[in-house]
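Given below, in the form of structure tokens, are the structures.
Heads up, the next two complexes both have chain A, just with different partners, chain B and then chain C.
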Partner chain A sequence: MGVYLVSQLLNGLIFGLIYCLIALGLTVVFSIMRVINFAHGEFFMLGGYALYLFTVPLGLPPIVGLPLSMATVCAFGVLVERSLLRPIYTTRMERPEEYAIILTFGLALFLQNAALWSLGAYEYTPMSFWEGSKHVFGDLYLSGDRLFAAGMAALIIAATLLIVYRTWLGHALMAASQSQVGASVVGISVVRMNAVAMGLAGMLAAAAGSLLGPIFLIYPDVGTVPVIKAFVIIVLGGMGSIPGAVIAAILLGVIESLGSIYISVAYRDVYSFLVLILVLVVRPHGIFGQRERRA
Partner chain B sequence: MTRFERTTAIVALVLAAAVPLVFQDYFLRVAATALYFVVLASSWNLLVGYTGQLSLAHAAFAAIGAYTAGLLHRYTGLNPIAGVLAGGLMATAVGYFLGRICLRVRGPYLALMTLGFSEILRLVLQIEYKFTRGSLGLQLPYLYGADNVDHRLGYYTLLGLAVIVLVVLHRIVNSEAGLYLKAIREDEDAAAAMGVDVVKWKVNAFVVSGLFAGLAGGIYAHLFVNVIAPQMLLLSEMGLILAMTIVGGLGTLTGPVLGAVVLVFLQEELRGISPHAHLLLFSILVILVMKFYRRGLFGLVGDALKKRGWLAKTPPITAE
Partner chain C sequence: MQRITTGKTLATMVVAGALAFPAMSAAQDVIKIGGVAPLSSPGSYQQGRELVLGLQWAVDDVNAAGGLLGKKVVLIIEDTEGKPPTGALAIEKLITKDKVVGVAGEYHSSVCTAEIEVFRQHGIPFVIGSCWSDTLTEAGYAEIYRTSVYSSKLAENMVALMMANGIKKVVALVEDTDYGIGIAENIKKSIEKLGAKTSFKYEVVEKTSKDFVPILLKYKTQEKPDMIITAVTQPGGFLVLKQAHEIRFAPSKNTLYLDATCTAQNDKVFWEAVKGAGKYVLMSCPYSPSVQLTPLGEKIKQRYVKEFDRQPNYLPLQGYDAMLALITAIKMAGSTDRKAIVAALADVQVAGTRGDIKFEKESGVWHNQWKDVPTFIFQYSEQDQSAGDANILFPPRFANSEIIRPN
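Take a look at the complex of A and B:
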């Protein structure tokens, strides 16, 4: 039981780190643009397919494929922002919230069905990062891919936090999230910050998709479950709060893994959604979020 | 209503009523599907297009109607027609409940909350397969007796529902209540400040749209295939309702009807290419319509007709 519990805890931590990658992008986009990107799970899917493309048909080593996949989806995120989301804040539009939700919902449907259409409902297996099972300690063994995913996710999260809290770009992002007008006054191009946020979101989602790709394989609706976890995380952590998202993600990963010992696995996702609804009803600003300020 | 509008409505009704006299089987089924989506898209439009409450749980309401009727029949042997009415009542009650708990949330929060509600329902229906038969599918009797495979009567029932729904929506939208709903859509705080009972009207919109969707789901589940599965709550089903309303024209009465009919027939045409081709096309249409012409098909057609004075002018949003 001891080893089992520890391995469940470790698994929970690994998933928490991956969830965190997905949720970070979602929360950064929300904090700056006040838009929930319903196509975020499809960014995750694109990341997985991109890693497959770079490692299997093109034969690059996966460690090269990962940054390439992140760069590809980053470019795609910027493209989506420029072509579809930019009118929300550069033009005077009726009911911009409605526009953003319907548009990203449509985009999610489009990407899923485009993948289904062009690649079929088959599962693709990108090349493994670290093959085989690794000895952790005692009787505990974990697959190399899981260990690599956790380590790489922790590294990318740390890099993201470093960028957000320690660089000019990060400060500009935070300024734009606090007040778009105020940020413009001090010379920050808010339009550019929105593009940066979407690019960052694409990059992080692609990293998550690539890291999980060799473990769970890639198929057209692979992104729906992880993005749902990410929705729960950003609501729980407070929409738009970066530290909230990190803590809530790791919490959710660990609780899920431990919970599956004691409660039914089938009901796991039901409980996630119940948490989402309960938090929205009782405390809409989450654990760490700020109360919505109305202009 | 202008003379042109009345004539068009009557012609459309006569055409719809004539379908079972001319066609059987396949085409009748397509026409029934179109009617089903006319009701779903129109009732979703009341919530989103007129009240501004973007809910992603509308497919769930149809499923509540269908499952209530199906489960009641399975466990108590209830008559299908009574089951449909019970399904409508259940959807109304759930609409009231969802409307109440959604009062505090707006915009993206509301979309997330209704999405969560719809997914919980889908997962529970799937997991509790011993009770609901899950993905195996729950078998329902035909609407008018188990052996009555003549679908014409069922089709007319659905047509009757669609007519009632459209008449009721027309009356709501052109009444004082419609004005309140539109005021909430434009600016909830301002509407509240002007004395609109925001709580009451938001919940009312949820209740009415839930009732209509529940009835449509119940009736449609008893026709033709008469098997229901949790797949009817998939987000792609919600996507269909959304696409029909958006492509037809959000916030107009004619738009969703036009969108539902056009897209259902398009879906049948595309079935030959690939079973998912329609979703690909519809999602592209949604993106294009939102980006370039938010008024949709009806905006396109309506403008030309309005110039000739054939359509009633939309009244400006002001109270007497």
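Take a look at the complex of A and C:
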């Protein structure tokens, strides 16, 4: 029974790391731009398709395809910010939040249907990062791809945290997230920080989509369920809190794993919402969220 | 003043009539038939597209042969998105706005359940393309006919296979839909009905889930079944198989894997998605590429192979048969009157793609059902094997192999 429980905890931890990667991008965009990007799941989807393109028709090794797909979707994220989201803070828009919601929602539908129309309905499988089933311990075997995804997710999360907390760019991003006016006053280009945020979000979503592509396949609406989990995570962790997103993601992965076997697998996707409700009742701003002052 | 007003009114009426005349004439020159299927998320759009192919080809063929009752048939397709309310609305639109004389198609049983109420309300005939839940014909509605398989028949086949092979302990993962839960309950009933000495339990999973490892680990280490049956449609079904294989649970020497949805039959797509995990998978299907089809079935099969460079699965054939039955009934009725078509459907006897279609008049699941619709159980014995080369395990008269287990 001990080995069984540890197996489930390990699987939950692995999944939590992967959720974290998906949620991190969404958190970055919200904390800096104050925009909820409903097309984040489609960035995830694009990352998966990009990896497929680089590894199957173009024949590149997956380890080379991964950074290429991250760079591709990063560029797409910057393009989206420049062409579609910039008017939110460069013009005197009456309802910027509603604009952002409708726009990113519309973008999500457009990208999904564009993928369906151009690439077809069937699933694609990119090349494997680490082929085969690996013995972990005891009776537990997991796919090499799943273990690789978890390890790489941990590295990317660590690198992101390092950038955010230990580099000038990261400090500039945090300054822009705390106060855009204040950041401008000290010479930080808020417009540029917004573009960086969107690019970073695209990169992280693409990393998640690419790492999970060999495991969960790639198809037009593959990003829908992960992004719902990501929304739960960023609210649970505290809107705009990066450490909160990391903790919430791991917590969610473990709760879903254990809930599936000790309660029922039928409600796997419900556990996240249940935990969210319970936490918000006690801490309305999430685990690490900041209480907002209202005038 | 009054003369000018009257003149203006008359002129307006003449112009309006002239503009409407071509439309009215056009409407009288065609017969409109509806086709429904999931063509976008969250529906299983992969399957929906295959089903629509069959519907469209049947209409194309009748038009190529001169049309129906001297008129061209126009097929109006609606995307039901796999959602019951959308399905019901789509049917309302087809009937009230498009004025279709009948409808064929649909893939999701839960959507069919909502749609049959609308057909009943309007008295319009519906031939089910691929919804397998028994309840659809058990409802006993005069307007509802089915040319596809039904869950209880598939369940009995699976139980018969279990009995023939000494399979004592079976678990199942089924999707949270009318189809998934329905097939699990039918397996339970069939075990009792056939007196099988097999224990059976099932768990319901969300169709959109991606990670099934926790429950599969539980089955592997705690339950240790002889067979796992999955009734989760694509892509979830592919993920269950990949993950079961990844944790070395099934297919394995100790645990067989049976795909109850037949999505494994779409061989090119299946092998691309699951790779080595698919070797030794059993699948329960309403069609066999290796069993001699009717001349019409062979023609449709070759058309599919030519167009897509792969073997068809059962869906284009089921779609074709559903539409063929409806078109035949309209021909027999000799009119587009809804009541006449409904009545004519009861007497349809036509050579379909998979056999001679004829609807039963009994009550229960066989009400307006093609009772003798063929069903098979296959097993892939090699990776990348074509569906046509898979071993046939059931029914006994077609079986060419025993179950093969990995070493």
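FYI, the second predicted complex is superposed on the first by the 279 of 295 C-alpha atoms of A that agree within 3 Å, B and C clash if a C-alpha of one lies under 4 Å from a C-alpha of the other, contacts with A are read in each partner's own complex, and residues count from 1 in each chain.
The rule we apply is simple: a residue touches a chain if its C-beta (ideal position, glycine included) is under 8 Å from a C-beta of that chain, and two chains touch if they have at least 3 such contacts.
Quick caveat: nothing in here was measured; it's all calculated off a predicted structure.
Novice: Fit or clash for chain B plus chain C once both are placed on chain A?
Specialist: Clash: chain B and chain C overlap once superposed on chain A.
Novice: Under the stated touch criterion, which partner chain does A:D269 make contact with: chain B (first), chain C (second), both, or neither?
Specialist: Both partners, chain B and chain C.
Novice: Should A:R34 be classified as contacting the first partner (chain B), the second (chain C), both, or neither?
Specialist: In the superposition, A:R34 contacts chain B only.
Novice: Could you look at A:R146 and tell me whether it touches chain B, chain C, both or neither (first, second, both, neither)?
Specialist: second
Novice: Under the stated touch criterion, which partner chain does A:I261 make contact with: chain B (first), chain C (second), both, or neither?
Specialist: A:I261: touches chain C, not chain B.
Novice: What is the contact status of A:Y122 with respect to chain B (first) and chain C (second): first, second, both, or neither?
Specialist: The second partner, chain C, only.
Novice: Should A:N113 be classified as contacting the first partner (chain B), the second (chain C), both, or neither?
Specialist: After superposing on A, A:N113 lies in contact with both chain B and chain C.
Novice: Running through the overlay: 3-11, 111-119, 309-317 or 381-389 are the candidate stretches of chain C; which one clashes with chain B?
Specialist: Between chain C and chain B, the clashing stretch is 111-119.
Novice: Would you please give the residues of chain A that touch chain B in one complex and also touch chain C in the other complex?
Specialist: Comparing the two interfaces on chain A, one with chain B and one with chain C, the shared residues are 113, 116, 224, 266, 269.
Novice: Hey, which residues of chain A end up touching chain C in the complex?
Specialist: Contacts found on chain A: 4, 7-8, 11-12, 15, 112-113, 116, 121-125, 133, 139-143, 146, 215-217, 219-221, 224-226, 256-258, 260-261, 264-266, 268-269.
Novice: Could you please specify the touching residues of chain C with respect to chain A in the complex?
Specialist: It comes out as residues 40-42, 45-46, 49, 173, 176, 203-206, 208-215, 217-218, 220-222, 234-235, 238-239, 242-243, 245-248, 269, 272-273, 275.
Novice: Spell out the part of chain A that touches chain B in their complex, as residue ranges.
Specialist: 30, 34-36, 38, 84, 87, 94-95, 97-103, 105-107, 109-110, 113-114, 116-117, 224, 228, 231, 235, 239, 266-267, 269-270, 273-274, 276-277, 280-281, 284, 294
Novice: Would you tell me which residues of chain B are touching chain A in their complex?
Specialist: 48, 52, 54, 56, 101, 104-109, 111-113, 115-117, 119-120, 123-124, 127, 185, 189, 235-236, 239, 242-243, 246, 274, 276-277, 279-280, 282-284, 286-287, 290-291, 294
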